[in-house]
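For reference, the structure I am asking about is given below.
Note that the chains take the letters A, B and C in the order they are written out, and that residue 1 is the start of every chain.
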Amino acid sequence: MTTIITKKPIIETVSNQPSKKAVYETKQLNLWYGSNHALKNIDLEIMENEVTAIIGPSGCGKSTYIKTLNRMVELVTSVKTSGEILYRGRNIFDQDYGVEELRTRVGMVFQKPNPFPKSIYDNVAYGPRIHGIKNKKILDEIVEKSLRGAAIWDEVKDRLNENAYSISGGQQQRICIARALAIEPDVILMDEPTSALDPISTLKVEELVQELKKDYSIIIVTHNMQQAARISDKTAFFLNGEVVEFDHTDTIFSNPSDKRTEDYISGRFG
Amino acid sequence: MRPSVQDMIAQSKGKKNKQMIEKIIPIILFLIASVSVLTSIGIVMTLIVETVTFFTRVPFLDFIFGTTWLPFSNKEAQFGILPLIVGTLKVTLIAVIVAVPIGISAAIYLSEYASENIRRVVKPILEVLAGVPTIVYGFFALTFVTPVLQAMFPEIKIFNAISPGIVVGIMIIPMIASLSEDAMSSVPKSIREGALAMGSTKFEVAWKITVPAALSGIIASVVLAVSRAIGETMIVSLAAGSTPRFDGDFTGSIQTMTAYIVQVSKGDAGYGTTIYYSIYAVGFTLFVFTMAMNILAGYVSKRFREEY
Amino acid sequence: MRYIEQQTVVKRMDGRLIINAVFKYLFMAATLLALLALVILLYRIVTQGAGHLSIDFLMNFASRFPEQAGIKAALVGSLWLMMVVAPTSIILGVGSAIYLEEYARQNRITTFIRMNISNLAGVPSVVFGLLGLTIFVRALSLGNSVLAAGFTMSLLILPVIVVASQEAIRSVPGELRDASYGMGATKWQTIVKIILPAAIPGVLTGSILALSRAIGETAPLIVIGIPVIIQFLPAGVMDTFTALPMQIYDWSSRPQQEFQTVAAAGIIVLMAVLLFMNSIAVIIRNKFDKRY
């Protein structure tokens, strides 16, 4: 890789706020599943305390991209990457960068609610525990704070010892968010977090995302354009493994500069 | 105010330990997984080494072509394995005659005719049948099947090939039934429905669609069951007798390969005697027979598998 | 001219329906026959042996006199055997399964281990006896002890436990793994805290079924040279012992009619132990039946 970074215009348009720092800088990222070239020359800069939405038709690489940000993508098949992703200035593909360390700083919420078959309490305490926090008082405190943070404390405070599968799907997803919050991550990655939820639960999660961006940087993949328009500050439009356009959400939805973006958000394909 | 969770995580000890564990665990688990390989090597080596010693005393050709098995003879011991093989095959033949029609019929009934409720009752019972220890089957053969057979056919002796054959058959029915049923159940429903929609009866669907489609699985199940029958020990030790013979008689006492091993082990064949080594030679022959059957079953189910 | 005449079809239909009905009942009869065999077997054993069952039978040692013969040594011996077999075979079996499902790369060594395990499952138990006799009894000089027999039995049932554990581990949803890795958990943490707890019902059910096979196996014990008539209980794993199936085998092969009653009573005890173990397996299966 060259060490000289040539900023593309696409980045300049979004990095003009000096008060905010970048959490993720993606530079010329390419990714292959075997011979399938899934991500092509991705350049994206993601700012802290913002909600960045990633939209695009199925198979455009948006899920792959978000899973690359915490290197979960490597669990699936033999993947090959080139280029770099700087997280807080450090390339996550560096030999000595431990994935566990990265994932401790970057939380993730998945498509389907996936609580562990354990109690609600144990679900939320899982992260702190595996990272060596054993003190019961501190754990209690963390669990309550995380559940409050995920706006579900009032609904489950009397049933913390019940199995997480005894509550509804929407509640389960908020438990999963609380579980991610429990290690007080820097960034939260959300991979279509509402795709398996009903409209009311979806609304609750969306409100929660708005609330969370005060403290966290959030990157959310969604197939729902209205959702992106409602909750995000910036939106990236992916197509066939490429970033077609990345801009302020208002601009993307009101005045897209690329014809393909316009076609997609006006519902002409996808 | 407590420190942030990230700070606590950063301060928590045991990071180094974690890395060590992640490195050591796969090695330990690999060693554990290799126990099964060592077991196989152990079996093959044991059999080969002791059998080679046996062949330094008994010529190889006398062993595999000899028709007289007289290991305990004081004058001149003879070690021709054919009588033991014939004994084994007699019992296996009867077992197959009993188990194949019943096992496959039960499989067809369960996969094509039986309702979900019946299946839920019958399959666990078949599992129980499969879980009955062979010593119990042996006792059953000796104290029930043999007397019943003798009552019907007086020429049958107390020890014979028929009674243990029947009971070995009963023992392998669940194996044939459940493996064949698995094979038939994996034939897609849509294929059956296609045939039923054209006016086929259920029997025609079973006989012309399901059974042919599942044939490789059915044959494999029978071959595996035959392998089990060949290796079955306690039923024949109790009910078949201990008379190695090279003839076609099913009504009198015979001896199988497995029963011979038990007979010698029970007695006190001193370590180092030819008789001691002979059980390894017989065990090796038995091993070759069952292994051939298992490999054949694997080949059949792979080679002729239907793709849906 | 039509190729299919409805009338002929209707005429032939009767015959086809009769064939269908006949075979339906034939298949059903075959199934019933198999079940009937089990019923007769159980009925015979219970009627033969129930009369001999008593507290004395459970508390007495073996004897030359059928009316005094008891099963104490065998029952306790079988328990001792299980105390060696259960930990050995479960640690080896579950460890192998974790390796194969979670760590092994798809290479020739892995394929070889998998093939080896399925082949091992087809080796007759009497051959395992020969292995135990050579390696454990003689080469390692364990003699005909609980330990030698326990190791032999462990290897015999190892393939069953490996396969059952592999299936249980495989059936743990991938989303749970993702969630754990996503929190920054290491592989081993994920296995110990998420995968194994979720797989435990399957692992235990498979293990108990395998152990109940071990408790009923006779042939390997005979080949190893486990004695029958024993008037004492083992005090440790290096002591010799006898086991339920050995005792039953000995009684069954005695010529006196009275000993057959004793054998039947012994079988009832053995079957009761098996029933007990299987009930535990069923209870575990139901209790841990978690939703995902």
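Operating definition for what follows: contacts are C-beta pairs under 8 Å (C-beta built on N, C-alpha and C of every residue); 3 or more make two chains touch, one makes a residue touch a chain.
It should be emphasised that the depicted structure is a prediction, and the values quoted were computed from it without experimental measurement.
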**Request:** Pick the chain whose C-alpha centre of mass, unweighted, sits closest to the average of all protein C-alpha coordinates shown.
**Result:** C
**Complete:** The chain whose C-alpha centroid lies farthest from that of chain C is chain A
**Message:** Centroid of chain A to centroid of chain B, CA atoms only: how many Å?
**Reply:** 54
**Asked** At what distance in angstrom does the C-alpha mean of chain C lie from that of chain A?
**Response** 48
**Prompt:** How many angstrom lie between the CA centroids of chain B and chain C, rounded to a whole number?
**Reply:** 14
**Request:** Would you give the residues of chain A that are in contact with at least 2 other chains, written as numbers and ranges?
**Result:** 100, 104-105, 131, 183
**Prompt:** Can you list the residues of chain B that touch 2 or more other chains?
**Reply:** 18
**Request:** Any chance you could list the residues of chain C touching two or more other chains?
**Result:** 186, 189
**Message:** For the complex, give me every residue of chain C touching chain A.
**Reply:** 173, 175-186, 189, 193-194, 197-198, 290-292
**Fill in**
Residue set of chain C touching chain B in the complex reads 9, 16-17, 19-20, 23-24, 26-31, 33-35, 37-38, 40-41, 44-45, 48, 91-92, 95-96, 98-100, 103-104, 112-113, 116-120, 122-131, 133-135, 138, 155, 158-159, 162, 186-189, 209, 212-213, 215-219, 222-225, 245, 248-249, 252-253, 260, 263-264, 267, 270-271, 274, 278
**Complex interface listing, chain A residues touching chain B** = 100, 104-105, 128, 131-133, 138, 141-142, 182-186
**Complete:** Per the touch rule above, chain A residues touching chain C in the complex are 70, 72, 75, 99-105, 107-108, 110, 112, 114-118, 126-127, 130-131, 163, 165, 176, 179-180, 183
**Asked** Given the complex with chain A, which residues does chain B contribute to the contact?
**Response** 2, 4-6, 8-9, 12-14, 18
